[in-house]
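Structures for review follow.
Here come two complexes built around subunit A, the first alongside subunit B, the second alongside subunit C.
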Partner chain A sequence: MKIIDGFVLRPLGEEFIVIGEGISQINFNKMISLNSTAAFLWENVEGKDFTVEDLTKLLTDNYEVEEERAAADAAAIAAKWIEAGIVSE
Partner chain B sequence: MYSAPQSSDRKTIGDDNYFALVDDLLKEGREVVITPKGNSMLPFIRNGRDEVVLTRLDRPAEIGDILLAKIGDRFIMHRVFAVEGDSITLMGDGNVYGKEYCGHSDIIGLVTEIRKAGGRIVKPGKGKAWRLLRPFRRYILAIYKRVIR
Partner chain C sequence: MDSQMQERSFKVAGHIFSLRMDEKEALWSALDNYAPFIFEGDEERIFTLELVQDLDVDGKEPLYVSTPEEFEQRIDIYTIPDGYVFELAPFGNVPVCGWMKVSSDFSKACLKAEKARRFCINNALMLLYAFRTSGMGTLEMHASVTVKDGHGFLFLGKSGTGKSTHSSLWLKNIPGTHLLNDDNPIVRFIDGETRVYGSPWSGKTPCYRNEDYPVGAFVRINRAPHDAIHRMNLPESFASVSSSSSGLRAIRSIGDGLFATISSIVQSVPCYVMDCLPDDEAAIVCSNEVLKNV
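So, the complex of A and B:
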């Protein structure tokens, strides 16, 4: 899967939000916000083709988390991103 | 400490960071849609229900404009009550007395559209009739709040 062109991460306090760079009207009610872990994943797969396994590895390599939990979290976040229309399958 | 990656699709209105982002996006020439909080712009903007479209104000403020402004530490979305040079007086449509004062540099954006919860889109107008009704506002608002809310 891949982040769809034009979606970029912007910091918002301690969180991050995803904004379509070319979009002329930004609706804060439909905005996608990421916590720091999700933003870390995003930054590391930006511009690349990636899999749920890649996300899992990023989590286990960089955080103290068991592989099983990391895999479940990675699958969940990937599904959310696809559902939100910011990542293509 | 690991916290699971999270992606949520709603950001509630609130702090300085939020408005700083609104300000940045407006400065980039984009429109921003937010859901204002509070009852100070009743009956036109209802707390947490109606959305407003904001754009950057590229002309001097005029009486009747609904502006988002930073006044001290507060972010206020109220209607322009008076303009004298750089001194702008704001007053919420839903307020009976309170006014706020700011300058042009405190303005973040202008409300260009109100999107009612039911989907109806309203141009904000200049609120002239409402301004003329000011002596009666308290009664109209009291009835409104009793009937609608």
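So, the complex of A and C:
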């Protein structure tokens, strides 16, 4: 999967948001808030093709988390991003 | 040819800009909305717009070409090697009648206007203002603004949701209120404070006040079968103010500037969503809540 062109990660206070700033997102109809872990994942897959396994590995390499739990979290985050229309399958 | 250019300057929300047209141009007398904003000092102008008879817009590449509805205005944007070209029309179903060529930093522009010339000049100035000031802590917003107790309250919402109606309900039901602007106020974040300013652009309501106030609240108007107000969280506040602010975020410098300004504003001023009917009760419910948090 891949981040759809034009979506940008921005820090907002102590949170993070992804907003459409590209020409195809001109009507500003999509925005999603991210916690710091999701923001870390986003930064690491920006501009790349990635899989749920890549997200899982980023979690297990950088956080104290069991592989099984990391895989479940990664799948949930990917599904949320696809549902929000900010990542393409 | 016996013609001479005349230049007039205007100061809107602290930013000074100039308009140049032939001194005999009939449009000078059709720009009453700018009268309260005339500026005669010699401080630096942030941009100059010149009305011209001929304009070469060859070699343009589309950046944003819109598909407006019949009664929506058209604003299309093209890139050229050293800037941008804007094409304007007052309605979606009429041909383009204004062409504006703009330098890449939005400080210099030439406009050719064949028809709807007042529309073209007002919109050219609004576009230049929004694009040029986006990195200066300034927002050009789509809102109706009412003043009460020395604070400005901005009502946001898509066209037709009842921003102006809600303002008029405040004027009718809340003593000591007045209208600052009914369509396009300017909002600035300066020295840690968010302020709202009147402008020469106020939609269909001729309300061109050169006044400014600290912002008391942003209130998104949402048509509903009841009257209720609640405060938004930070991401919701950001989305609300952002979707009502002018500027093409796809131009990176503009996107960065707008983000910085809106982010500061929504962390300093409360933002609400007001579910309401167009009734007197709506103004009372809304004012009771927002005034107690000023």
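Just so we're on the same page, the second predicted complex is superposed on the first by the 81 of 89 C-alpha atoms of A that agree within 3 Å, B and C clash if a C-alpha of one lies under 4 Å from a C-alpha of the other, contacts with A are read in each partner's own complex, and residues count from 1 in each chain.
By our rule, a contact is a pair of C-beta atoms (placed from the backbone, for glycine too) under 8 Å apart; a residue touches a chain by one contact, two chains touch by 3 or more.
Just so we're clear, the structure is a prediction, and the values are computed from it rather than from any experiment.
Contacts of A:Glu64 after superposition on the shared chain: subunit B is touched, whereas subunit C is not. Touch criterion met: A:Gly22 reaches subunit C, while subunit B stays clear of it. If you count the residues of subunit A touched by subunit B and by subunit C, you find the higher number for B.
Within the superposed three-chain model, A:Ile77 lies in touch with subunit B and out of touch with subunit C [touch as defined at top]. Of the two partner chains placed by superposition, A:Glu89 touches none, neither subunit B nor subunit C. Judged by the touch definition given at the top, the superposed model places A:Thr37 against subunit B, while subunit C stays out of reach. Shared interface residues of subunit A (contacting subunit B in one complex, subunit C in the other): 10, 12-13, 17, 19, 23, 25-26, 28, 31, 33.
If you check the complex, the residues on subunit A that touch subunit C are 6, 8, 10, 12-13, 15, 17, 19-23, 25-26, 28, 31, 33. For subunit C in complex with subunit A, the residues that touch the partner chain are 63-64, 234-235, 238-239, 242-243, 248-250, 255, 259, 263, 266-267. For subunit A in complex with subunit B, the touching residues are 10, 12-13, 17, 19, 23-38, 40-41, 59, 63-65, 69, 73-74, 76-77, 80-81, 84.
Contact residues on subunit B toward subunit A in their complex (touch as defined above): 1-11, 13, 15, 17-18, 21-22, 25, 29-35, 51, 53.
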